[in-house]
Amino acid sequence: MQLRATDQERALQDEVRSFLAQAPQVGAALPRALDDRMTVLREWQAACYTAGFVGRAWPGEFGGGGRPPVEQIVVDQELAAAGAPEFVNVVGLDVLGPSLLRFGNDEQRRRYIPSILSAEEIWCQGFSEPEAGSDLASLRTRATEQDDHFVLSGSKTWVSWGQYARWCGVLARTETDGPKHKGISMLIVDMRSAGVDVRPMTQITGHAEFCELFLDDVIVPKENLLSRRGDGWKIAMHTLGHERGTAALPRQVKLRTWLDRAVQDAAAKGRLDDPLVQVQLAQALIGVEVLRHHAYRTVGEFLNGGAVGPDSSSVKLLMAEAEQRLAASAFEILGPEDEFWTETYLYSRAASVYGGTQQIQRNIIADRILALPQE
Amino acid sequence: MQLRATDQERALQDEVRSFLAQAPQVGAALPRALDDRMTVLREWQAACYTAGFVGRAWPGEFGGGGRPPVEQIVVDQELAAAGAPEFVNVVGLDVLGPSLLRFGNDEQRRRYIPSILSAEEIWCQGFSEPEAGSDLASLRTRATEQDDHFVLSGSKTWVSWGQYARWCGVLARTETDGPKHKGISMLIVDMRSAGVDVRPMTQITGHAEFCELFLDDVIVPKENLLSRRGDGWKIAMHTLGHERGTAALPRQVKLRTWLDRAVQDAAAKGRLDDPLVQVQLAQALIGVEVLRHHAYRTVGEFLNGGAVGPDSSSVKLLMAEAEQRLAASAFEILGPEDEFWTETYLYSRAASVYGGTQQIQRNIIADRILALPQE
Amino acid sequence: MDLELTDEQTMLGEALTTLLEREWLPAETAHTATPQQRARLWSALEEFFDAELGAVELCLAARLLGAHLAATPFVGSAALRYIGVPHQERVAIALPATPVEHAAEVDRFAVVGEGTVALVAAADATIEPAASLDIGTPLFTVTADGGELHEVEVARLTAIGALLAAAESVGAAERMLSDARDYAAERRQFGRTIGSYQALRHLLADMYVRSASAWSTVLYAAAALDDELPDAQRTAAITKAYVARAAREVAHGALQVFGGIAFTEEHQAHRFLRRIIVREQQFGDAAHHERELGRALAVSAMERA
Amino acid sequence: MDLELTDEQTMLGEALTTLLEREWLPAETAHTATPQQRARLWSALEEFFDAELGAVELCLAARLLGAHLAATPFVGSAALRYIGVPHQERVAIALPATPVEHAAEVDRFAVVGEGTVALVAAADATIEPAASLDIGTPLFTVTADGGELHEVEVARLTAIGALLAAAESVGAAERMLSDARDYAAERRQFGRTIGSYQALRHLLADMYVRSASAWSTVLYAAAALDDELPDAQRTAAITKAYVARAAREVAHGALQVFGGIAFTEEHQAHRFLRRIIVREQQFGDAAHHERELGRALAVSAMERA
């Protein structure tokens, strides 16, 4: 174990810092209007990609940096410490990109990976359905094979950035017999196809970062099948584990910037000489820091080429806890007059729901880590 | 709803106060040695009984006071507010006495009730067994009917004050066919019988308030059967609900005296000008007070003659929570150098186990109050 | 001492439920209420006010208003009458440096001073909209001088105000619990209703304990105020602190039971949560009362020493 | 940057496990250890000390000592060597106004002053037994003057001490979790193993999250100390605070899983809890570090402003 940066890592840190010093997006407020925000965020990811800071550990032949995974952590830390915006093509980077790398053929990887990294093409995921939330395997969207294509029909929900996406990874039922989860395939759907209808869903924060997706006899060419028919479940499980494992790294850095903000806001409001406020913030700090330490330890193995294990569920639980505690404390200290903390608090409650509920994560730990008897 | 005391209730308060003013036991430390402590506590309950302060609402014909139940609350409040010791025959008063009143015949009630009230005869309960804790219905202690008696064999655990008890209410299996819980009967066992072996169990606090009870071919006369053969389960359920419902009243008063003690101890240690300590104690106070308010509301119905409902489970959960929070806070503030708070903290963890675990109470609420689908 | 509601109190609750079902919108659409619909609700409530009402009765009413997401200047109007300031109008309480609810639709403001309230006609005041999380409890900044002065016990005014706000929160929390319970009993995942999983059964049971005990403490504190028990104001503070945390805990639990849908604008869960938060902020939140209670514990212990 | 243990570190843990199984009693009977058995354990540990050990290695060792309820003056002896005070003996750290562990069986006391420790021979000190919750960590009041003075970085000494104490707690908590897990997988009630009930499955899963993350933060903080990262001492404080609460939460969960039997003297659960509490009290408990961290946050924010 060694936390001190190597000379090479230090050089990389310097490189990121000088890049950041010249980036106008850093520290500036993002536009509130969604379209404008999206434009800024795409430009930002593109600039970072050009500088070599996106997909740094992805294979060089598909546009990645081909460097050791730990370098991406170094980069992410520096970006976040400077308060840089997030990478907007998050679903491509955390979910579909890794699936394409692992399960796609070379043609698919060449076609899709570079524009995921550059944010030229935004990706979304069509996994959940209104009746198939936690119980993903019971999904009803159907894809029927005909000649050289599939005909796809059904509806999806929680499609993040669906209104901006060029491509969607859709889980659909292709086989009707056999066990439920073996009849699912993963299709790459062109969001410009006829029969695709995207409807933004307004969240309780007033934003619309998610959409409903309606698919009505959408034609999907056969070459857009990822891996083989019936492999969809396997891909989804790999992908969701990956998301839980890797999403924690940028997320914890984001939580650290939120914590800084809470401390600054409390200071500005003259609340910081109150020992109770101090302790609340210290407890939030502890939650955020321990999340980082735990994520580092559990992704260590994964970064070195191992599979994402069930411990990604412990990271996920800890992440929801840290986020909810921080948001609730800041909201209590700063009150509902503060729009940022109000929104952050309200939405923080979803952290124990999205990406697999708290209950699902605990089941995974009980089964796969503790090997407890099944219910 | 009326909280103000009536003239009659005020007169009763005065009566208790003048009694207390002359009682040497009030405010004095109890002896540490168990035998001596038992002697003092028996004398105390006897004195209170003579004064009309024990079983005040129990039927007059069996030695009770025959007064409205609310008067017992008034009395208990006054006793506890003065820091008076508890009534030692707690199992008789909260568990077996109510069962005898409800299910016993007149002869049994006349024989046993008065000496329960006066603490002349201490009672214990033989319900739990090593293999039948939460799952009481699977108990294995057997009673076989022969001529004019039962022959009783088996072992029991968590028999509080078993070493001092004259009588034990034992649940035993009398029927081998039919559903498990219908084959159980309740026997009144003379602890002086041949074949009764009592072994005190040392708790983690170092005290031995519980015993194991071994029953080896103990002869129990048939007239010591409570109600009919096979009624044991019904009696036990009534009894345990009763215990949950009524035990909260004296218990919450005890928690209030503990809270006072914690505040005094914190003051003596110079910790009370610390706002964090103040808030911790305030939160403990809130827990204790809300427990009182909730117990009052939910026992209101019961005191007026209704059955103890499933809300006794919500009281039980709240009671464990209030006790554990108070004990943990006091222990944190006053530290392990303080013997009282160390013991109180350690033992407080059992509050979510004894008298039906937290999990059992939540099941009761889910089934009987929320009518949720069964597991 | 009598720990149960009287028959009259129980009947009053039933009558008000009928009134709300007749004169107000279902909770699902309460946020779409027009000024006319709000005014109609108030007229109906005025009749209800004809009786002499204690804190227990007023809290019974506030709980139902919360459960129905009613938008009405009930809290201020009821609190003022309760502390003996006679009026037949819609009144909002204006505490120093505190947003005032429903300012655009009241007849008077009760401007709270030291030992007094001044009743100022709405026409004589300046009001500015302020942000509110809850469309049913619009907030304003109010500037008002002069008015008809009444001597009052301000601590008693804030105590009844705190209890009415708490009672509304309890009503909202109970409704969230009951909606979540119904959803859990219906929604199926993995071939079972989710309410048959022990994890959700226990979560809902804990939510029940919180909401039931929150209601117990409101009732007790209200009765203590009616009966002028010596610690009635401390009890009101305890109640306000407990209900604030309890109602949020119930709300958080309900969001967890509903899952993703609860985070969409169209689902009603967040409307109840918003009501709970706005009520929590009034007359002192949990942190405020916990501090004050803690300070008082310290002071009285030091005095005894 | 390398986030995994080296092979050497993993092997060291395995070797120490073997050592403890050979030279020490099983945890069930550890409280019966004689002075001879304690001395024998120390001799075995001395060999282990021959290597140059970093904080990561020492924490790996302390975790195993906690899991085995070892009774040994390891914490003081290891901490002193770690900060560069050379010795080959059993040493206990004597902080001002703080009970000293294992005072009756050490060779020297390291009396902590400002920027110094004085190594005082045990024979030159006066010791008085003090109460300890844990028979495996006996505590004493020590009076010692004079001795051989060493300049040290006291903050680094208390940081490594805190981490070693935390690592022992993690070991004890992990053992409680694993015992509770095994019990839940075996114990039957209502015709099922209790570990098949979702309520207990989830309780145990939460205990796992706590104990796993507690170990993560100990390792990270130890590596930060070894690598002399600028915030290493703050990280140690964060770790000590987190582990204190986490270990107790695991312990409380385990008591709940075991049920009544855990509250009997003969069951071993309480011995681990006692170890956890004693370690929690050393080098600052959670409340202490939370206050200090909060104060530091405030100070640095005010400086920035």
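Letters are used for the chains, namely A, B, C and D, taken in the order the chains are written, and counting of residues starts over at 1 for each.
Definition applied: a contact is a pair of C-beta atoms (placed from the backbone, for glycine too) under 8 Å apart; a residue touches a chain by one contact, two chains touch by 3 or more.
Everything numeric here is computed off the predicted structure, so don't read it as measured data.
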Neighbouring chains common to chain C and chain D, by label: A, B
B-D against A-D, pair bridged by the larger set of C-beta contacts: A-D
Whole-Å gap separating chain A and chain B, where each centre is the average of the chain's CA atoms: 53
Between chain C and chain A, distance of the C-alpha-averaged centres to the nearest whole Å: 39
Distance from chain D to chain A - Cα centre to Cα centre, in angstrom: 37
Of all residues in chain C, the ones touching two or more other chains: 197-200, 202, 291
Sites on chain A at which at least two other chains make contact: 275-276, 279, 359, 362
Touch-based graph of the chains, sorted into line, ring, star, complete or other: complete
Touch list for chain A against partner chain D, complex: 1-6, 9, 70, 73-74, 263-264, 266-268, 272-273, 275, 277-283, 285-286, 289-294, 296-301, 303-304, 311, 314, 317-318, 359, 361-363, 365-366, 369-375
Chain B to chain A touching residues, read off their complex: 274-276, 279
Partner chain A, residues of chain D touching it in the complex: 1-6, 9, 56, 181, 184-185, 192-193, 195-198, 200-202, 204-206, 208-209, 212-213, 215-217, 219-221, 223-224, 227-229, 235, 238-239, 241-242, 289-291, 293-295, 297-298, 301-302, 304-305
Residues of chain A defined as touching chain C within the complex: 128, 133-135, 138, 157-158, 201-204, 206, 276, 332, 335-337, 339, 342, 346-347, 349-350, 352-354, 357-359, 362
Interfacial residue positions of chain C with respect to chain A in the complex: 131, 133, 189-190, 197, 199-200, 252, 255-256, 259-260, 262-267, 270, 273, 277-278, 281, 285, 287, 291
